[in-house]
Each structure stands twice: as structure tokens, then as C-alpha cells.
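Scroll down for the structure; my scribbles are underneath it.
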């Protein structure tokens, strides 16, 4: 493997954006048949480098060699011609289209002298490819109707359909469930075995250790090191990446349990399609504990959060906050009752990206007397407040008047957490709080959540990431098809067992869902 | 829509200035093609507006309604709505003011304010219909406001025809003097130009626009709704109520345009054959002003000056006044596509660059 | 588009300008009075001075005045209603000898300008302004419409006749009432269907309205709808292309001799309204020192200010024209009173 | 109401809707590629103007019955020229699409009238074209009751519009070009990453929309008015825009919406003929088409979903 031939070589590649050097004289080599991981903090320049390779950006300096030939990749078209395919961090799928339409887009099989798209041939081809690589997608389904994991497979099929030999995966596992992740790793192995070479961008050290052959670490646009995975370990990688020591283990005292604060009983809630998404969910959350909700995405977690926070109506059942019913109340009432939410989608729900950080910091509290004087906002108080939060939570922003859009993902998340924690809630619901963040940011956020719990608050953690659940929770509830189907202590279980519980239940119930 | 709001606010001040110059140059070129004298034309235009007190006063009067409709359109923009219905709301505002002005008899200090308020409410309700349909039924406000423009036209004609008509005049009775908002001393000062309180109200509306949206709690809510409705819902803001409220305020502003035309300029309402265009001009003014209160004020002044002055242009230089629409269109075009200006600047060395510093 | 209200004047139909030349007008006979040094002006409504219609007709009257008397003339076009007054004032303040407001809608503006400037002289077409320094000129459209009603009533084969109006306002109502009365006078069995299109500037609405009427069996339509009437003509033309000779449909034009523009294969006749003549005559009166200040002049059949064009002989048989003449005399003599709107 | 009346109403509806359908098709293409086209009104104005002028000149030059066709072609070209302004501004210079559309309306209104005055010696209206389109009966089909009267006795442009509905429907949903066009409007960066030239695609779509809206305007000049003046196009472009949204950005839907509107307009006339105005004020009858449109939207259609990337300028490599 060591001496396999280089399929891609990037030399001295420099890419600048206004005010920042995203790639600073980067050297990167991908060898045939390897899985090469790219590791680095948020904003280190990983995606940028790969976008350069895929022709989406033009570098200011440097050369690129593909299969030994010097090439200029002036657009995705050229990259595709060179056999490069990319699965983007944010999928590039046209949602109202079918799987097949997405795959063939841009190089459609034709009939009637090229006039019409030969849909039949397209379907056949997609099915055939899907079988060959064990991807198992339904060529007729609309993107809107399939899971995120399936969408990713469509992205993979898109590259394969175009005959790519070099595949770039940009954080492919950030959005996947544990099952999907292990399935993806199998697929990637499969691809490599069939002669493809893969660049894998990920923040998850575990995955790198599990599947990658070599790893290149970037920090602030520069390559720090490039080395074979075999001779390294996670903490070494983390240190190289952040530039300081990172504790991958979380220090956590035993929980001091208080009285139950949030009690959910027999909750039934309709989902988007009008079917019941929650089918009698029951659980109780006590002060001083972190309750992790584990489960495969789409088993009612989102609906549960929405029902708890007043964004979704309740068909039946009760939600009690400190003994008082809050079922079906408006979001503001719920918020006042002491529930805070770190939403799953920070761009869509967590922030107004086009507002300054300052305004975002009072998104839920602007109307309260400390900011609102007889209907007029007290911007002095608001600024003061924002400055304090930015300080306390280490939100890296040029000023509090900077638009939230300009912040990196990690800092956007920190801003949200600052806001929610500062509301001093009795119950903090954290939905996927670290999705897509680097280890440094994850460490910070995890510490904050534990801190809240230590202060006697109740934390409800909803995450599709088993490691996170296992690490943080004091108690884990497994959710399946809108119900809590089991409860375990993290100390008495492991991810295998948990993963089995999340899916095994399905088997014992004879679930109809296809794999 | 966000971009629409940002399109202007971010650009530095030189873009609008250069845009105006370029717009005038485009107009001049077209005049030259048509065999007219652009210098004479522009001079006549300026002469008309600034030449005497009467025309200057009338120019201010001409600016008033488009300042209101410009604010109305921009207000909706700011809350994520595209209000093409300022025209209809304007008509309803006229109607409300006329009804009160004609049918009731009250002391001055009650009558005029009442007519103003009722007219504003008429316009507001008309806007609110579109807001409600959007909030409750998800009906695109662009279509409803287009349709409501026509409905307003005919509804107003019906009301005038049926209840307010002065026989044989093709218009309503004149509003009572007690409902008039003209300012006698100012009119006399301006050589009998039709000066009225609407001008001051419009400037107040500019202040209101700013203070409400950027200083108040409700304004904050509306801006969140307009910029990111999902986040608004998460933050506990009632998005639907926000939409309805925003359209009510927007409609009221447009309604006020009509109110003051009735109470300050015409003192009656005619059976109208078609739209006046003030509502559509409001869109242009809002865009010229980048949906910023101050920008809108300047945009309305520019628009009003050019429009009013165009009469003088045809008087003094025989240039068809249509040319002014091309000029205004070009100015908006250059303001909206600053890329073009930058592109041009790159091509024009040194000399022109100095303007950039201004 | 959408700029400004359109003229609610009935007189807004395009026609070739030749017909409008007032050269054959009776007032020509006067020896040219000297208007040198006098200034005459007019303010149009939003149609503009070259609308081939009402405003244009008025402008032709002034041009005739210029060539006849050496007076200087000028016009201003209004873009919207609030310009009426400012435009009038431009002339008034510039000491024009006479300033015309052309069109019904200009009434309030003329009144305002006249009151504020008692020394100025103004005149208005189609409306009545009570002020000592204003001459008001209206037309007895109902009388002219009566005559074309006589033509329609005599010539319909289907006994179904149409009237397409612009907007339901007094001026247009006069057309309608006169027309209906004229039809009834000669043919009580004929039914006149009435459609108002709510616009003077929407040919597509006119076309749709005419289509409905012709489909319903009407064979003659009289329009008083300005530009909307263009649609009526086009619908008729369209039908006549393919129709058998006995299925031909007709349009009666308005304001000018519209056969000159739309052709005499569809234009049965037209109801003339001599705005040019009125403008010429009253302006001339001023030069001669007979300005009818503070007076209302209603121009009707007796003044030859409304009526049928000579080209009517092409399509209207002589016996019908005789009948028309007979009714004309009765109206002039007062033997018949034609109904009119309030 | 008898069959003949219904047939006639249908016919009026089709004739009335022709221009709306064409302009709406243009709007669909543009918006499906992600470019808002609020300038349909201006594009129609440009088309109507060019058609009236060209047909008049052609008629003068003795082209006879071919004149209106020359008008249509000129309308298409002029519409395309104006849409080119829109394309350059919004696609190349990434100006806001709504603003640019409004500008198109402004400039079209101003410049066409200005040109009319230059070309026709100061007149506010072009000279009347005598050689306009005439209705063409389609043999056999026109004998079918109701529908025969209703559809198969119409202007060539009406047939053209109906054919184009089919053609564009096929193009959008069956051809590679259509797939690409839609992908550009839904998710331009997805299209970009599979090698589709997003900007070129949008240019194509916007220019096609200019052509179609131009033809739409031309049909009004060539069937209804026979000339061009400041009010030949007064609001039709906005109604067409409404039809685009009402019809959910689908050619068949937009045609339905335009026809619905045309039909409401002809009901309006028939109601007056039946002397309904004696009982209902005429103004309410005039309102009917607009009120019905809103009611139908509220009742049946509800939320319509715009193309995903509508209104967004595309920056290659945008995150």
C-alpha cells in the first residue's frame, strides 16, 4: 500500500477568500486504492481544498496532478471527465426530483434522436449500479421521501454513474445514524476493493481509526502532518489538529438526582404526513440528570421536541412541567415555564442569520422587562447582555454587530447555547448539539451541558450519535416508532448493545420498514 | 427577499450617486437619438421644479403620495412580503377618507383626524386581507394583491357611485371643509400651491417606519418574521399574526397616500377608469431607497422631482415626458446592480474614480 | 401602463385626422380676426395631445386658430389627475389669453384655477364650471346619439342592437339614453343590450363585450368607449371576414368619422362630436371680444356640433338618412325632447 | 343558457386568454430556471409595440396577410431584447430579480411610447394595422358541439399558444433540457456540480421567456387592438404572473388559470347581456374575475410551491 501510485497530487495549492487564506500552500497526495482522511477544525479549509480538486474553486497558486498528468480543473465538468466525484457536505440533490433523475442529471440517456430522456434505460442503469455496489436504493422514489442515509447513497451513485474512480466524501457521517454509518463504511470498503480511491473528510476520530489508511491534518489552512493511520492514536490526532491537548474523555461526577421536573405521559402527536409520529410516549426527567434519547432518526424525535416546545399540537396525552400542564401551549408559554431548546437545525431555527449576533442573543427574551421598555427595545441593555454572553461562552465573533451568518458553525452553535443556557431554564433540551462540529467545539459544548446538569438542571439530550449519548447521559431512553421502548444506564451498556436495541426492537415487532 | 433588503444597504453611498448620473446620461443619449436637446431638457426640468415657489410647492405635494406608497411597499418587504397591492390600498384609503369627509359633519379638530384614521384603516384592512389569506391559507400575496387592486378600483367606484355621488359630476361630493387638511398659510406662502399636512405626515411616517421596525418590540418581531419565519416560530413569535399585522401597517401607509390626496389635493373622489399608478410607483420608490426609511425619502424626492419636472421638460424643450420613466428605470437598474457600476468604474480610469471617494 | 386615469370623456376613438380638419366648418367664413400677440393654450388629460381623439381634436381646433388668426398656441399633457391644476396654472400664471381644460374630469381644476386667478380666462369642454371667467362648453351627445339610434333602429335585421359604454358616467349616459331613445322612436320592437366595460382603454374588454353581443344576435353595436371601442371594431371586422353578406355586423363609431380608420365595411356611421369646432369658435370669440365668460354653451344639432358624417351615405340608405334628417329637424325645433342624464 | 352561448363563452375565454397563456409560459420558463420575472408586463408591452410597428410597416410594404406574422416575429425579438436586459442584470450582475423586473416594466413603458412618438410623428398611438389575424375554423373539429365553437374557431395565435403549452410541457418534463432547466431553478449548485452551465441555462430560459411574453403582447396588438398605445398592455402581464403562480409553475396549470380568468371575463359580459345589472351593481360584475380568482385560490389550490432557488442569484461555488 505504501508505494501505490498517486492518483491525485496537489502541490502548493493556495486558495484565498476575502480576508482569509483558506488553503495555504497545501500539499496533498491521494494514492490508488486508499482511503485518505482529511482532519481539521471547523474552518480549517478541508472542504475548500476538495472543492478546488472538484473544480468548484480556482486556486490562486499551485498545481494539481491527476494520474501523473498536470491538469487544470476549471469546473466540475472537467473533474468529472478526470474521474473525480464528490459527495458534498450539504447534499447537492434536487428535492422534487426522483432518485434516477438526480443521478442522470447532466448526462441523461436519450431516445428519439436525443429529443427525450430515456427514463426506462435510466432506471435500469441506476438499478444495476445500485446492485453492483450494494447500495440498495429505490430509483423511483422522490428525494423528499427518502432518508438522509439514502440521499447520501444517491450522491454516491451520482459519482459512480459518471464513472468516477476518485471519490471525495465531505463529512459523510455527520448526518447519518449509527446503522447508516456502519453501512457506509462497508460501502466505502467495497468501493476501494473495486479499485476506487477515496478522500474522507470527517471529524470523528473513531471513523478514521476504523477505516482510513492515511490521514492528513490541516489547521488554519496549512497542512500540519500527513501520516499513515496505523501508527497513530486518537488523542495524538486531536492534539495535532487543535494544537493543544484535548481531553477526549469527559469528566463527569455522579448525578445528584432531584425531583421529577418534566413528565410526559402517553403523548400522541401527529407528524408531517398526518400519521401519528408519537404513539403514547412516556418518560420523566429529573433535576440533575441528563436523559439521552437514543434512536434511529425519524422515530419521532423531532416531533417529540416540537411537541415539548409548543411548536406542534398534541393529540392526546399530558406534558407536565413542574406539575403544571404545558401540553399544546404556545412556544412562548413553554419557554416561560422554563424550557430551553438548542434546535437541531441551527440555520433554520436557531438563528436569524441575517441579523447581528446581538439581536440573535435576545431572540427569545427581547420582550422581557430588562430589554423592553414600554414597547421600545433598550439596545443598551441588549448590547450589554450580548457582550457578556460572547465573553462567557467564548463566541468568536469580530463584534456583536457582526451578522450571525459570518460566524463559523462552531461559533454559531456556541452563540445558541449561550443564549439558551443564559435563560437559566429548568429543562434544557439539546437536539444534536454537536452535529458537524470539530472535537474542540464538541468538548466545549459537552462541558457546558454537564455543567448545567451539575447545577441541578434537567437536560434532555436527543442525538443520533451513540458515542455522544453514551458519554453524556446519566440514563438512556431508546425511542422507536414514537414510543420509548427501553431504558438503560450508560455504564451498563455499550454502543453495540444500544444499536441492537434501537433496531432489534423492530425485528421482534416484525416492523414493516425495509432496510 | 433578504437580498432585496441587503441589495442597497450594504453598498456605500457612491453607488446611488453614480446611478443617478448614469440614469441621466442614459436619458440624454436617448434624447439625442430622438433629436432633442438634453441640456435644454434637463435645464427646463430643473427650472420647473425650482424655478418658482408655486412649482416647488407642487413638487412637494407630488412627492407625498409616492413617499407613502414607497414606505408601504418597503414595510412589507422588510417583513418578507411583496405587496404589489399598494395601488388598491391607496384607493381604499381615498374611499375611507371620502366617506368620512363627505358624509359626516364634525368640528375641524375631530373631522380631519377621523377621516385620516378611517382612511388609513380602510387601506390597512385592504392590505390585511392579503395578509390574512397568506397567513391562514397560504395564498401567495403577489396574486391576491394584484387581484385586490382591481377589486378595490371597482369597489371604490361602486361606493362613490352609489353613496357619495354628486349628480352629474362623475365624482363624489366635495369633502366638508372641516375634513380638509390643507394648510392655508403655507399655500399662500407657496403662491397658492396645494400644500397640506400630508407632507408632514409622510415625513413622520418615515420616522415611524424607522422607529417602529428598529426600535420597538413589535418591529423586532416583524423583522424576525420577515427574515426567518422558522426561527420566529421557535422564538415564540406568532408568525401568522405578524404577517397580518405587517400587511395592515403596510396597507395603512398606502391608504394614507390616498387619504391625503383626497383631503389635501382633490377634496373629492372620482369614478376612476383605471389605476393611478401611485402604488406601482411606490414599488420603484422602495427599490430606489433600498427599503431604508431615509433612502425612501430620498428616492421619493428624486422620483417626484423627475416626474413633476418632466412636464416642464416637455413645455420647455418639447421632449416627450415618457423619457423620464426611462431615466428612473435606469437609475433603479444601476442602483440594483452595483456590479455594473463597479464594472464600469474599472473601465473608466482615474478621473471618474474620484467620485468614489465622495 | 397603469399610469393615470384615462379620459372619461366619451370622445376617445382614433380616427384618421383628415376628417377632423375643421376647414369646412361654417365659422370659416369670418374674415380672419387678428390674434397676433395673443396666447392660447390647452391642457390635456392623460390621453395626451396625440390621442387621435378628443384631445387631438381640441388641439386641431387650436391649430386652426393659429393658422387663421396668427395667435400663438401651446399645450401640456397631464400624467395624472393632480397635474390638471398645475398644468392649467402654468398657462394662467404665464398670462395666457385663454386656457382650455379638455375633458369632463378637469372641472374642479378649472374651477380652482379660475377662482384663484379672477383675471385669467379659462374654458372647459364637457363640463360646467360656474365662475365668471370660465366658458363652459358641453355637447348634446344625446341628440347625436338619437340620430344614430334612428339609423340602427331602422337598419337592424335581428332587432337586437348593442351599446358598449366605457364607464357609467353622465357623459356616456347621455350617449346611451339618446341612442336607446332613437332606436325606440323608429323601431319599438328592437332591443338594445347595454354593456359597460368599466374602462376607456381596454380594447380586449371591448372585444369580449362585442363578441358576447354579436353572439347573442346583435347586428349593430354603437360604442362610446374610447380605446375600448377599438376592440369592438376588431371583433366586427373579424366576423365580417367569414360571414355571409346577410350576416354582416356593423359598428357605429363615435366622436369622429371612424369609417376613415376602421373602414366602411364595418363602420355603419359615426356620431360626430366636433370638439375642434368648439375650441376654435370659442377661442375666436375671445379674439373678437365676445368671449362667453360665465356662460354655458351647449352645442347640439342646431350648431352642427354633433351629428352624422357625410360618408354615411355609403352604408346608410337614403330613406334612412331622410328619416334622420326629419328627426333632426324635430329635435332642433323642440318637437322631440331627447332624454338626458342628470 | 344554451349550448351555443356556452360555446361562445368558451371561445371568448380562449381568445381572451391567448396572450395570458403565452406570457405565463414565458414566466414559467424564467421562474423554473430560478429567475423571478415580474417584468412580464414590460415584456408584453415591448412585444405589442414591436408587433404593431412591424406589422404596420410590413403592411405598407405590401406583405399582406403575412404582416401580422411579421408582427409576431418582431414582438418575439423585441421581447427577447428586453429580457436580455433582465438576464444581464440578474444573472451576470446578480441584481435583485424583483427590482430588475420592475425596471423592465418601467423602461418598456417609457421607451415604447417614446419610440411611437418618434416613429409616428408625435402621435401617442401607432397607426392602425388593417392586416391583422383572423379566426380560422378547423375543418371537422369545429363542427363538434360546444367545443367546436369554443376552441376550434380561433386565431392562429390561439392555436399557437395551445400548441406551445404542449411543447413546453413536453420540453420541461420529458427532455434532458427540461430536466436541466428545472434543476437549475431548484438547486443550481447541484446542477453546477454535475456540469450543467447554470448561468447559460438561465440566460436561455430568460430569453425564451422574453420571446414568449413578447409574442403574448404581439397577439393583443395583432388580434384585439390593431395598434399600440400606452394602454394596450395594462395589467395583463400581472395577470399572467398570477397565472404562473396560480398554475403552480406548470404549463398546463397556468393555461388553466389563464382560461379560468378568460372565462370569468366572458361570464361578466354574458351577465350584463342578461340584464343582471338591473339587480346587481355593475361594479360587482366587473370584480367577478378577480374575486373568483381569489376564491379559487383560497378554496381549492392553497399553498403552491415555488421552484426552490427562485429569486436567488447563483454564485458559482456558493456554500
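Note that the chains are named A, B, C and D in the order they appear, and that numbering of residues resets to 1 at the start of each chain.
Assume a residue touches a chain if its C-beta (ideal position, glycine included) is under 8 Å from a C-beta of that chain, and two chains touch if they have at least 3 such contacts.
Here is each chain with its UniProt name: A = ABC transporter ATP-binding protein; B, D = ABC transporter permease.
Only a predicted model underlies this, so the values are computations on that prediction, with no experimental measurement involved.
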Exercise for the section: Report which interface contains more C-beta contacts, comparing A-B against C-D. Expected result: C-D
Exercise for the section: Provide the C-alpha centroid distance between chain A and chain B (ABC transporter permease), rounded to the nearest whole angstrom. Expected result: 46
Problem - CA centroid of chain B (ABC transporter permease) to CA centroid of chain C, Å - result: 35
Handout entry: chain A and chain C: spacing of chain centres that average the CA atoms, whole Å
Key = 75
Handout entry: Residues of chain A touching at least two other chains
Key = none
Practice task
Could you list which residues of chain D (ABC transporter permease) touch at least two other chains?
Solution key: 105, 109, 117, 231, 234-235, 283, 286
Fill in the blank from the handout: Touching at least 2 other chains, the residues of chain B (ABC transporter permease) are 154, 157, 161, 274, 280
Completion exercise
Chains touch in the following pairs A-B, A-D, B-C, B-D, C-D
Practice task
Within their complex, state which residues of chain D (ABC transporter permease) touch chain C.
Solution key: 4-5, 8-9, 11-12, 15-16, 19, 41, 45, 105, 109, 117, 122-125, 128, 130, 132, 134-135, 137, 220, 223-227, 229-236, 265-266, 269-270, 272-273, 275, 277, 282-283, 286
Fill in the blank from the handout: chain D (ABC transporter permease) partner, complex, touching residues on chain A are 51, 54, 56-57, 75-77, 80, 86, 88, 90, 92-97, 101-102, 104-108, 110, 114-117, 158, 162
Practice task
Write out the stretch or stretches of chain B (ABC transporter permease) touching chain D (ABC transporter permease) in their complex.
Solution key: 1, 3-4, 7, 30, 34, 82, 84, 133, 137-140, 142-144, 146-148, 150-151, 154-155, 157-158, 161-162, 274, 280, 283-284, 287, 320, 322-326, 328-330, 332-333, 335-337, 339-340, 343
Exercise for the section: Over in the complex, which chain B (ABC transporter permease) residues touch chain A? Could you list them? Expected result: 2, 6, 215-218, 220, 223-224, 227-228, 230-231, 233-238
Problem - chain B (ABC transporter permease)-touching residues of chain D (ABC transporter permease), taken from the complex the two chains share - result: 85, 89, 92-96, 98-100, 102-107, 109-111, 113-114, 117-118, 231, 234-235, 238-239, 241-242, 245-246, 281, 283-284, 286-287, 289-291, 293-294, 297-298, 301-304, 311-313
